[in-house]
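Each of the next two complexes has subunit A plus one more chain, namely subunit B in the first and subunit C in the second.
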Partner chain A sequence: MTLIAHAIAPVPRSSLKGGEGLRGRPLSWSGAGDIGLWSTQWDPADKLDRNDALEHHRLLERICAVQPCLPVRFGTAFASDDAARASLAGRVDELRAALDRVAGKSELAVTLLWAKNSGASAPRPPDPATGPGRRFMEERLSRHASREARKARAAELVECLVAELSVERALVWHEICASEAVAVSLAVLIPSERAAERKAVLERLAGRFNDVVGVVNGPWPPYSFATAESSVDSAPRGRT
Partner chain B sequence: MKELTPADASLLELVDRLLHKGVVLAGHATISVAGVDLIYLGLNVVLAAVETLEGKQERRAS
Partner chain C sequence: MDVDPDQVEQGLAKLVLALVEFLRQLLERQAVRRMEGGTLSDDEVERMGLALMRLEQKVQEMARGFGIDPSELNLGLGPLGNLI
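For the complex of A and B:
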């Protein structure tokens, strides 16, 4: 019997209603110092699938509703309770600090998708009168310019959102142009009791731009902030 | 390329968080590639996560 990890939480552990993990199997608590790990007792012969991933998410929402928690990456498994405890043992202080940072907070996610026919998207068509070599180079140049224009616009969109949100930059994570369709993926950590209000603000902000379609998700567990790093940046954490 | 709808984007963002974010503990990743394919529902745009996962497993094994 193995354990599929869900979340790190502080002691005392909450009495989770039903005490059920994935597929109705028992939830297990592995304590280490003043923190512990919630996991599901699991038969290693069973493969995890899409439904288990979504159930892991719902389980995290239940845990986060009753106590501070750090989501563990889906798919993490331990051979035994001892192995689970050992994985926490050397990191109790840093994980405790991370728990303090997310306590009482939830994550809202903003995705900005490039709108159809958004200006920065289409590379300039090549001039058919030019030779194949020149046409090839011009096409490359045009695609490069188009990509760079999109990146610049996406960075501008991030700055607009962060400025309007008026939150500490350390509480914002973002990534730009992660795929052809996505201009911006941004997460912000907000007090849970203000989640509905902040979500409405974000939806309004995201709907302001003509060249992108905004999608706001959450509130959900603080996935993007469940790191054990303690440094606080002056700029929003992100990738370009 | 398949156009990404807002509903796709919501699922994509959630799946990306489940598989890419959160605390990384020294456990053993058990998601099979087939399982991950099921999770992704054909959203090829995030298949990079599979490579990340496989790469980590390989690095851990070596």
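For the complex of A and C:
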């Protein structure tokens, strides 16, 4: 019997013990010091499917509703209770700090998609007098310039969102220009009781940008903040 | 661990072609910078452009030969993002 992991949490004070995990199977607790791991007892012969992924999300919402938790990536498995404990044992302090960061908070996710033709200038018609090599290089020059301009604009958009949110920068994660269509992916931790209000603020703000289309999702468990980091600086975390 | 022996060749080809494409793009960026900086003669720009264009075409052709969509020639580096 293996364990399919769901979330790292402080020692449970709640009624989750004895509860049900995936497919109605017992929810299991593997403790290490004053933290531990919620998981489902699982027969390795059973394949996980899409419904299990959705159930994992619902379980995380249940756990997060009653105690701080760090979601574990769906499908993470441990061979035994001892293996689960061992995975936590050397990181208890880091994980406790990460749990303190997410306590009482929910995640809102903002995705800004480039509006059609935003920032894209029409390519210059090729000069018939130039050779194919130079035309190739000029096209690439124009493509690189356009990409750099988009990156700069995406960074500006992140600054606007962060300024509007007025939260500690350590509570914001972002990534810019992760794909052709996406300008900004941003996640923010918000006190759970203010999540609906902040979501409305973000939706209004995203609607004011002309060159992107905004989508705001959540609140949901702190998926983007599940990594334990020993130090948190004051800069917004993310990739640019 | 699930390993499909039939996919090994394609997986290896994808890894090698992704690295080649990564190096090609590095060369391309360097060439574009030098062109912008005016340190390449017209003849050098033309020859560099032709070489990079043909290399790109060749990589794409080889990818299709292995049943790989050229847009998939990238490697996920976990928290660091994608290679390209």
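What we mean here is this: the second predicted complex is superposed on the first by the 226 of 240 C-alpha atoms of A that agree within 3 Å, B and C clash if a C-alpha of one lies under 4 Å from a C-alpha of the other, contacts with A are read in each partner's own complex, and residues count from 1 in each chain.
Here is the rule we go by: contacts are C-beta pairs under 8 Å (C-beta built on N, C-alpha and C of every residue); 3 or more make two chains touch, one makes a residue touch a chain.
Quick caveat: nothing in here was measured; it's all calculated off a predicted structure.
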So, A:A97: does it touch subunit B (first), subunit C (second), both, or neither? neither
Taking the superposition on A as described, I'd like to know which of subunit B and subunit C A:G133 touches: first, second, both or neither. second
Identify the partner contact of A:V11: answer first if only subunit B is touched, second if only subunit C is, both if each is, neither if none is. neither
The chain contacting more residues of subunit A, comparing subunit B with subunit C, is B
Overlap of the subunit B and subunit C footprints on subunit A, residue-wise? 178, 227
Could you pull out which subunit A residues touch subunit C in their complex? 130-137, 140-141, 144, 175, 178, 227, 239
List the residues on subunit B that touch subunit A in their complex, please. 1, 3-4, 6, 9-10, 12-32, 34-35, 38-39, 41, 45-46, 53
Subunit A touches which residues of subunit C in the complex? 28-29, 31-32, 35-36, 42, 45-53, 79-81
Which of the residues in subunit A end up touching subunit B in this complex? 2, 4-5, 8, 37, 44, 47-50, 53-54, 56-57, 70-79, 83-84, 87-88, 95, 98, 109, 111, 113, 116, 178-182, 185, 213, 215, 217, 220, 223-224, 226-228
